[in-house]
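Some notes on the structure that comes next.
In order of appearance the chains are A, B, C and D, and numbering begins at 1 in each one.
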Amino acid sequence: MKIGIIGFGYWGTNLVRNFANLDGAELVKVSDQRAERKQFLDKLCPKAEFCTDPAGITDDKEIDAVVIATPVFTHYEFTKRSLENGKHVMVEKPMASDRKQAEELINISEKTGKVLMVDHTYLYTGAVRKMKELIEQDQIGNIKYFDSTRINLGLFQPDVNVLWDLATHDISILNYLIDEKPVSVQATGVSHTGNGIENIAYLTVKYDSGFIAHFNCSWSSPVKIRMMLIGGDKRMIVFNDLEPTEKVKVYDTGYEHKTDEDKTRILVDYRAGDIYIPKLETKEALTMMAMDFKSAIEKGISPLSDKYSGLEVLKILEASQRSIKDKGAEIKI
Amino acid sequence: MKIGIIGFGYWGTNLVRNFANLDGAELVKVSDQRAERKQFLDKLCPKAEFCTDPAGITDDKEIDAVVIATPVFTHYEFTKRSLENGKHVMVEKPMASDRKQAEELINISEKTGKVLMVDHTYLYTGAVRKMKELIEQDQIGNIKYFDSTRINLGLFQPDVNVLWDLATHDISILNYLIDEKPVSVQATGVSHTGNGIENIAYLTVKYDSGFIAHFNCSWSSPVKIRMMLIGGDKRMIVFNDLEPTEKVKVYDTGYEHKTDEDKTRILVDYRAGDIYIPKLETKEALTMMAMDFKSAIEKGISPLSDKYSGLEVLKILEASQRSIKDKGAEIKI
Amino acid sequence: MKIGIIGFGYWGTNLVRNFANLDGAELVKVSDQRAERKQFLDKLCPKAEFCTDPAGITDDKEIDAVVIATPVFTHYEFTKRSLENGKHVMVEKPMASDRKQAEELINISEKTGKVLMVDHTYLYTGAVRKMKELIEQDQIGNIKYFDSTRINLGLFQPDVNVLWDLATHDISILNYLIDEKPVSVQATGVSHTGNGIENIAYLTVKYDSGFIAHFNCSWSSPVKIRMMLIGGDKRMIVFNDLEPTEKVKVYDTGYEHKTDEDKTRILVDYRAGDIYIPKLETKEALTMMAMDFKSAIEKGISPLSDKYSGLEVLKILEASQRSIKDKGAEIKI
Amino acid sequence: MKIGIIGFGYWGTNLVRNFANLDGAELVKVSDQRAERKQFLDKLCPKAEFCTDPAGITDDKEIDAVVIATPVFTHYEFTKRSLENGKHVMVEKPMASDRKQAEELINISEKTGKVLMVDHTYLYTGAVRKMKELIEQDQIGNIKYFDSTRINLGLFQPDVNVLWDLATHDISILNYLIDEKPVSVQATGVSHTGNGIENIAYLTVKYDSGFIAHFNCSWSSPVKIRMMLIGGDKRMIVFNDLEPTEKVKVYDTGYEHKTDEDKTRILVDYRAGDIYIPKLETKEALTMMAMDFKSAIEKGISPLSDKYSGLEVLKILEASQRSIKDKGAEIKI
């Protein structure tokens, strides 16, 4: 399997490192607009060829699979061209600039029968996989809320707002862990640069069952926080991604409520019990994702982070953007 | 100065302890519906008389000043009666059940010339006072955002939602630190008890200048968090109220942005510098508030936590409630 | 049961508060050299009489039990006189200034048949009791080491060094948790005040089995740390007393070793597994100790924190002092 | 400048990565006993030749400088042979197995005029350099104590005990920050493997001035701690190497003492003030060390981490070992 990577920036470098070491695959070409990146590629993976034109990859008949790590606004074009040229594609999140583009890419992928995968790396982490396992084992119970904070002093993206940049990760986790489909979103935010691209934003996603998800994202925080609370009626989870080893804490904590007979009072029973911190699988998520991509191509099965989940994330992001521009109005999905 | 306290529950106990030790004042009477509380009062402050009927305090001619620490729905009635009987009043936050009630109480207070003060204890803490000082010294610069998280496994209140219970504190701090008046609010939330009283809620407050404030409140979190971020263009503050001594951290962190000449790109300069943790005044906030109440009565000056700030908090709470019930619609203040 | 308390300083105040509320006992008298403390006692416990002379308590025929919370050098005298006057005694840790005094007090107590108890409050905390339970259930396995750090910016005691002040707590916990008797100690330390009383000291306690205990104590640290590691061959415990709720963490971590056949290499297997944070009993330790004292008097049974454990602590402290003065020489116990 | 590296294990890999990218130097050869490491070298640095015999490097006339990252017991031999063959040497810490060997290596280096440098990487970190700067600026005042804890669940070394493995780092920092020479050491420890190699050990280093240093090292802790306290009479430093960015905290905390006139009491004034967290240089320490090695060779100046500091560390380690074996006796240096 011959692989080409388009985009050799920060994340592209991680991808090159992983695909260069992937058994059963060969990284043959890497492209980046900046010609001076050739030198670094020669150090990192001397066997791979360098080109500045992405077409050198999308149109190369030798290449079986393309990995795309370029700015969001180019995802659609490079993915489409690669698929149309009969290649399998793994594209950075978010998979396209809007829902319509994503749906078109899915259509092409379905027609050509080639794998289209979105790089939601978090789904491959030991932490997220453990949370999925706990939920599937019904250790958490009915999940009542999901609350995510992902803030730091981050690079202001020139083309997408902070939700597209940061909440993408958390929405992909949400969708992976929770089966119910959202019905509407509301979002507010603020742009401190005057270019209409929010650097702080808050997103609420609503569901028919009463389950609620909330996202707090910022590129403007002096401190870095990556924390997620998942509250079930049996137990609750705190996922702190900055903890080196104790990332997932399971609280035997809950509350039950009942209304008394004359329905005037709510009686709530609290329970604060033991805490359990499971040991997590430590294999690098990116390595597992690269293996999943290769395995999906070889076996014709769907990868964990597939095109449909990529589309679901995009639906929420797109609706959130409309809500922010419409002063926080509720937008149906 | 003779003082009576109505309500001898959790917070009332703290008030009794403080007013019993206040120089130049005498705690003469405490009321609570539960007759069995008399025994505890006899231990805590044997000189104070006990009664079960609040009228024993609001109508007692000997009493100069009344402190009210009862459920929210009774604040209006007890405050009104005390003021009309010529007494000074300090009432628990929030000062009344709605804006109209609060405005009426303010009117009565203005007519009688008696002090009406709302117990926003946080304003008297060393942490909040230090933040006020830093802002007044222009060390923080233009403030761009305010982000507060106050969550824990808390008592579900039967009559008010989690914003009325918890955000009240943070809104009073916001109003104290920020001079600009808010223009609108948006809030979402969820009630897991089926009684329409939200136990998780998110509130965004918007301002004309682009400044934004956000509040994340929950009675359903397995972990306790009390954290506030205040981002200025000079420096940023992190206020973590659970830190025993390092509550206020000042980050010499910021970003400046400019648009390039052809207005197509935003250039952002980041700055991450030293951090400074000022030593805080450790005098108990409640003691300082009791002294401020006494001083306001004696000198006829306005206390720090005055009736007008109490009203401003109520305006935001009331608007937030309307927004939640109206599916998160933007509500003007 | 009529109780008198000698010493109404910082810790004495806590004792007064607890014994004033102890069911089935009556706090009748409190003594303190400083006459001005009477006023505070009148507020805290108006029913108790005040005196400045300790003899007002040790010699009062009405009093059944005496609680002593005075400087260390007075413990022996007040305890002896109280016991000789037929009273039960609970004395602050350490129980006396040296081992000989302690042994004499124990003799008197055995002769008079009165309870002699030492205030090792920590033994009554939920954390220490949980650790005892885990060890008794053999969840920790063979315990290999005990490592305690108790440092802060603390009051320099004028008469005893930092080990007598701080390590006392940890040694009492060590003795409670570990059945094996120590064989020798070594200690080093430094005095920054020139009066020969160490404000920083390090103590190692050795045992025949190879088990080792180490104590790091300081009054001169800018940060407060109260942490204890207990390493077993099954599991290990971290006890962080500054954590508000997650004080005891049990690590399913260990190592096993074997020597290979030609005895040249050691093979060590590591195991890092789940972590478990048990919920702790939250009843106040001081209350439980007061109840244990009363119960020991009434039922004639030994309290948890008895005179013999008080003596064992003293033996280690006394030997540590000799070691420090003898340049760290090993001192047999 | 042509460089060869002996030893291509965990640390050797980091060295290869850094020297392969060092401007003005060329990594020409790497040796490792395990022939299968060639494949990995081909990926990491394809231009470098691989050999299994260290002599391929120590005796290669093309090579100017040798970097040694092999087990401790081989340091002396490879360093000696390299120096005698006219090469500059950087050797892993500790520089040799005992003081005599180290002194011999220093002699050879002085005779040949070649650089001999010991890899005390910590000296090149932003944190240690900032602490050095603060001390040189007299912001800390007279330093009273140094207290280091470096514990984790670590690899049991087969040939050296935990002090040689872990305290080496901290002793090199101590020597770098503190000008005074130590006069004696005392150490205790325990071996849980029965091979006489301590996996837990405690070391106290004493100085004439009253300054004291203490080291707590363990391979058997369930938690990882890397913390250092440095107490001065002006300010105190806490260096927590596990903090991602806030590694060095400077506490405006101290105590002053005076004896009162009749010399019976010590009066201590406490001061707890602001805390300051300086921003640190983030350049990788290993890169700076490689640059320092090259610069020392080219300019004939002494590197920061020179052979004499390497010897000083060894003196303390060797004395600590004698003390442990002699039941903690005080060993003069």
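Here is the rule we use: a residue touches a chain if its C-beta (ideal position, glycine included) is under 8 Å from a C-beta of that chain, and two chains touch if they have at least 3 such contacts.
Remember, it's a predicted structure, so these values are computed and weren't measured experimentally.
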*Which chain's mean C-alpha position is the greatest distance from subunit D's?*
B
*Given the two chain pairs A-D and B-D, which is bridged by the higher number of C-beta pairs in contact?*
B-D
*Geometric centre distance via CA averages, subunit D-subunit A, whole Å*: 42
*Where the centres are mean C-alpha positions, what is the separation of subunit B from subunit D, in Å?*
53
*asked:* Two-or-more-chain contact residues of subunit C, please, as numbers and ranges.
replied: 272
_Residue numbers on subunit B that touch subunit C, as the complex places them_ = 20-21, 43, 46, 224, 242, 244
*Quick one: which bits of subunit A touch subunit B in the complex? Just the residue numbers, please.*
144-145, 147, 149, 151, 153, 155-156, 158, 186, 188-195, 197, 200, 202, 204, 206, 210-212, 214, 216, 218, 220-223, 229, 231, 236, 238, 251, 253, 255, 257, 259, 265-266, 268, 270, 272, 327-330
*Over in the complex, which subunit B residues touch subunit D? Could you list them?*
245-246, 252, 272-279
